[in-house]
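Structure first, then comments.
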Amino acid sequence: MADVNGNELLSFHAKSWSEWPGRLVKPPRRGSEIDFHFNIEVPGFRAWTPGQFVMLRWGQHLTGRPFAIFEWKQAGPNSSQLHLLIRNAGEGTAEFIKNAQAQDLVWVRGPLGQVPFAADLTEDLRPWIFLSEGARLAGVFAMIHLRRKLQLQQQLPTDFWWHTETRKEFMDAEIHSRAYVKPDAIGFSETQILIPENLDLTKYSKVIAVGSEDFQNSWAKLANQYSNLDGNLWLRRDAPMACGIGLCFSCTVETAQGPQRSCLEGPWFEGSLK
Amino acid sequence: MADVNGNELLSFHAKSWSEWPGRLVKPPRRGSEIDFHFNIEVPGFRAWTPGQFVMLRWGQHLTGRPFAIFEWKQAGPNSSQLHLLIRNAGEGTAEFIKNAQAQDLVWVRGPLGQVPFAADLTEDLRPWIFLSEGARLAGVFAMIHLRRKLQLQQQLPTDFWWHTETRKEFMDAEIHSRAYVKPDAIGFSETQILIPENLDLTKYSKVIAVGSEDFQNSWAKLANQYSNLDGNLWLRRDAPMACGIGLCFSCTVETAQGPQRSCLEGPWFEGSLK
Amino acid sequence: MNSSLLGPMKFLGREYESPIWAASGCYGWYVEAQDGEFLPQKNLGAVVLKGLSFEAERGAPQPRIWEMGEGLGLVNAIGLQNPGFDKFKTDYLNRFLKTQKPKHPLWLNIYGKKTEEYVKLIKSLVGEIENLDVKGSQGVFAGFEINISCPNVEKGGLEFSQDLSVLNKLLTEIKLVSRNWPILVKFSAAESSSGILEKAKICADSGISGITLCNTLPARPPKGKIGRGSGGLSGPTLKLQSLRLIESVAGKCGDLKIVACGGIDGLEAAGQAQSAGAEIFQVGTQVLRDPWFFDRLK
Amino acid sequence: MNSSLLGPMKFLGREYESPIWAASGCYGWYVEAQDGEFLPQKNLGAVVLKGLSFEAERGAPQPRIWEMGEGLGLVNAIGLQNPGFDKFKTDYLNRFLKTQKPKHPLWLNIYGKKTEEYVKLIKSLVGEIENLDVKGSQGVFAGFEINISCPNVEKGGLEFSQDLSVLNKLLTEIKLVSRNWPILVKFSAAESSSGILEKAKICADSGISGITLCNTLPARPPKGKIGRGSGGLSGPTLKLQSLRLIESVAGKCGDLKIVACGGIDGLEAAGQAQSAGAEIFQVGTQVLRDPWFFDRLK
C-alpha cells in the first residue's frame, strides 16, 4: 500500500513495535480550542495500521500516555514524521501543550494495538460509517483518510459522523477533517449525545466508533438493533495505560470476551459495551 | 557606606530580608573547573552585610540552597544585581550549573544570617587575616574586597590565605580574587590542609575562616594557641538548610554557646569548633 | 469549594481566622516569625509550635535534612531538638503571655519517651498557662497536639502508637491532667488503614477532641545523607497517605475532628482533604519552601 | 561497586544471569515479552510473574492507575486480576513447560484470601511443576514469592502480615506443602522498622529462604483518580521505604536472604540497596516506563 507520494505506508499485519527518542519538529499547532497538532521526528519507523496508537512519554513522567496515530510517514532509512492530535484532557496533556517547544525530547513507543478489521478497510466494498467525538477524531481519521483516498480509484463508500461540543470546535478543526464530514453528518451539543434522526444503519456493513463511554453507549444501543451489524460494530475502548504493551494490566476493560487489556488485545473490540 | 560608584551598599545592622523571583541575567560563567559565577537580576533590594548569604531556589526543588553573597548592587528603585559563586557540590548544584539559561526563574530569599563582627570590618585598624578554601572564597570575598578598597584611604591591613586543591584551580579563578592573594599566601593540596609554616598569628586582631570542617579545625587548633585571638576567631559553620530563617532547625550546629541554628544565630560563630 | 475554604471558621469552640495552619516543626517557636519579616500573614489560622518535651533534647547529628530528587520529598531527622520545659517557659511562654502576645492562636506539640513524661509536661504547661493566660477563645494557647510517633523507652523503642494498650493508657492519663483543654492526637503516615480506625476509636472513647493525619513517613535515604541514618519523609507524596488515613476514619468516630496534614501545598490539596473529611489543614514543608505561603493563598 | 553488581551470580542454589529481576505485576505473564519485541534482554536475571490466586479474579474497576505529579510516583489498583489456577495451567504453565521454554527463570507470585487458599495453590502448582519440569537449576520455575499484603477474609480484612500468629501459621503451612522450593515472603512498604524485624525473624524461624522488601505503599489519591478509591504507591519515593526496611533486618536474621524492591531505577539505586544488605534487586515501575531497562543497564 502506497500513499499519493508513493511511500510505502501500511502493513496490515504490523506486529512489531519499537521505542525511540523523538523530537518535536515545532511547537504544537492549535487545531481547535482544545486540540493541538503535534509533529514529531522519530529516528526510525515501523509499518503501522490505521487505528493503532503510540505511547508518548515526555518530561519527568513515569509513564507514557496513549495517542492514536494520525499519520506516520517514513522520511528516510532512519527517520519518520509522526503526527498526533492531542487534546488538553488533564494535567499532563495541559502542561505538555502549554510548554512544548521545538526540539523537545519525547519518547515514542509504537505502533501498538490490534485493528482486527484492518484488512477489510481496503477490501470491503460495502459502505462503512465512522463515528467519533471531539479529539477522538484522531482515532479514526487515518482510516477514513485511507478509504477516501482509495475511493478515488475504487468503490469504498465511507460516511463519517463527527460529534463536537460546539460549531466553533468544528469550524476550528483542520480543513481536511472537515472536508470528510457531510453537512448533515455533524452534531453539536454540549449536553447530550446526538444521533442523527432517521439514520438508516441497514446500508452499512461496518460501524467504527470512538468516543466517550456515553457516546459509544448511545451508538452501541442503536447498532444492536440492526442484525446486519452483528459482528460489525467496532468500538475503541479507552482506558488509562501505563505500559501500552500488556505488562501491567492497567488498561483492562470488560468486553464480550471477558476482561481484556485495551492496549494488547484491543483497543478495538467488537460488540456492545459492557 | 558607598561603593566606588557611590551606590549606598551596606548597612551593618541589616535585619530585614525578603523574597523575590529573580532571573538569571546570563548562563553561569565558569570561574574555575568547578566554580561558576551566577549573575541574578532581583526585582528589589535590601541592605546587606558582607558575610551574609541568600537562599536560592530553582526548578522543582522543595527547598532552597544557601550561598554567600559575593556582591549585591542596587540598580534601580526595584531592581538589583546579585552575584554568587557556586560550586558543583552535589546533584542539585550540578544540575543547576549544567542547565541554567538566561531568564531562568530563581527564587532569592535574603539577605540572611548575622555577622557579629561586621562593624569592626571598617573600624578595626589592626591587621586581619581571612582564610578560605575553594569556592568558599565567596563567603569572605565581599569582606576582603571592602577592607582592601578602604585600605586605599585608611589603614585596614588585610591578609588573605586561600587554599585550593590545585594550582590550576587558583589560576582559573577570577582575576580579582587572585589579586588579593599574596604569592606566599596560597596553598595547593588535594590531600591535606596546608597551614603556612612560620606564620605568626600574633600580629592579627581577627581571624575569619570559612572552609571544610577539616580546614576550619586545622586553623582553630592553631588560633587557639594565640591568646591575642581569644574572642577574635570567627568561623562560618555550614550545614544543610531548608528554610534559612530559623523555622526548621535543620541547620543546628554545636557551638560554644550550645546548639545553635547556623542560619539564624549564625552562620558566623566565635571560637573553636565543637 | 476551594474559595469557600478560606476565611473565618469555628473549631473546637474557638474562632480561627482560617482553617489553614502551620504544622509543627515548620514554624519554629513562632518568635522567629514575630522577629522576622513575615508576620502578620493573611490566612494563617494558627501555629502549632515545634515538638516540646519535658527534658531538653539536643537533637540529631548533621546532616538533618535531605531532599529527594527534584521535588519528590524532604527527609528530615531533626531529632525533636527542643529546650525542655524550664527553658521553654522562660524563653517563650513568658514572652507570649506577658510581653509579646502572638497574633495567632498557638497549639503546643508534645512528646515524651515515657507515658509519665507526657503527663508531667502537660500538667506543668496547663498549670503555667492557666496561671497567666485568659482561658478560652482569647487566650494565647488553643490546645495540645500529642505526637505519639515516638519511641517508647519502656517498650524497647516501639512507638507509643503501635501498642493499643499503651496508647489507651497514655490518652487516659493525658485527659486526666489536661483540664478540658482541646487535645489533638497526631499519627504517623505509616498507620495502616485498619489500624488507624481502631486507634481513632480509642481516641474518641478517651475523650480526645480530634486527630491529626498525619506525621511524616519513616524513610531511610541512601547512606550518609542523614546523620541519624533514617528520618521522616514529608512533602508532596505524603498527601496520598494523609488522604488515605482521613478516608479510613471519616464519619466513623462520632464527632472526633480530623485535621489534615501532609503534602498540602495549596487550596486544591486542602480541598481534597476537605472532601475526604478534614476540617483543618496543616502545612509543613510548603512553608519552608515559601514562608509567605499563607499570605499568597487565594 | 556498581559495575560489579551486574553479571552472573548465585542465589539460593541457582545461577542467575544477573541479580536484577523484573518485579511482580510489571512483566505480565512473561508471554507478553515472549510474543513481543523485547526479549532476549541482557541483564535480566529472572522474572516474577504477576500475582496468582487459586480462584480467578476479575480485578478492580477503572481507572486502575494514576500518576502523581510529574514523576512523583504511580498509584495502582489493578486488584490482582488473574486467571486462577486452572486457566493459568492451560494458558501459561503448560506452554512454559511443554512448548515454549522461557529464556529466564520464573518466580511465581502467590496470594490468597485465606490461609488454605495459599496452601491449596502452592500444593497444586508444586504438583504440576514437579510432574513436568526438571527440578533444580535447569527448571523453568525457580521458586515462590508469597504476597502477604492481602486482606484476610477470615480476619475481617486485616492483612495477613498484620497479625503475627496468622503469619506464623501461614508460613508454617506453606513450608509443609512446598517441598523445599525456595520461598520468598514479600512485605508491604508500610511495615514499621521494628515490626519488620519481628516478622523477618518469624520468616527465618519458619525456614523461609528470603524476604522481598517491599511491596507498594498503601495510598489514596484524590477522589475519582482510582476506581477502587485507594491503591498502592510505587516508584521513586518507595526507594526510601525499601532501604529503611532492608537496614532494619540486615544482618539480624541469620541467613535469611534479602531481595530489594521499590523505586529501583538503575545501578546507583541497586548499589544503595546492596550496601544496605540486599542481594537481589527487583524492578517494577521503571520497567513500565522503559521496557528495555535491563538491556540498557551498564
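In this document, chain identifiers A, B, C and D correspond to the written order of the chains, with residue numbering beginning at 1 in each.
One rule holds in what follows: a contact is a pair of C-beta atoms (placed from the backbone, for glycine too) under 8 Å apart; a residue touches a chain by one contact, two chains touch by 3 or more.
The model shown is predicted, which means the values in this text are computed figures rather than measured ones.
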Smallest count of steps, each to a touching chain, taking chain C to chain D: 1
Between chain A and chain B, centroid-to-centroid distance (C-alpha), Å: 59
Distance between the centres, which are taken as Cα means, of chain D and chain A, whole angstrom: 36
Chain centre separation (chain A, chain C; CA means) in Å: 51
Shared interface positions of chain D, touching two or more other chains: 70-71, 73, 236
For chain A, residues that touch 2 or more chains besides their own: 60
Arrangement of touching chains [line / ring / star / complete / other]: line
Contacting chain pairs - touch in the sense defined above: A-D, B-C, C-D
Chain B-touching residues of chain C, taken from the complex the two chains share: 25-28, 32-33, 36-37, 50, 58-59, 62-67, 70-71, 73-74, 76, 78, 81, 235-236, 285, 287-292
Complex contact set, residues of chain C against chain D: 68-69, 71-73, 75, 156-159, 162, 190, 192-195, 217-223, 229-230, 233, 236-237, 240-241, 243-244, 247, 272, 275-276
Chain C-touching residues of chain B, taken from the complex the two chains share: 16-19, 57, 59-64, 92, 95, 109, 239-243, 245-253, 259, 264
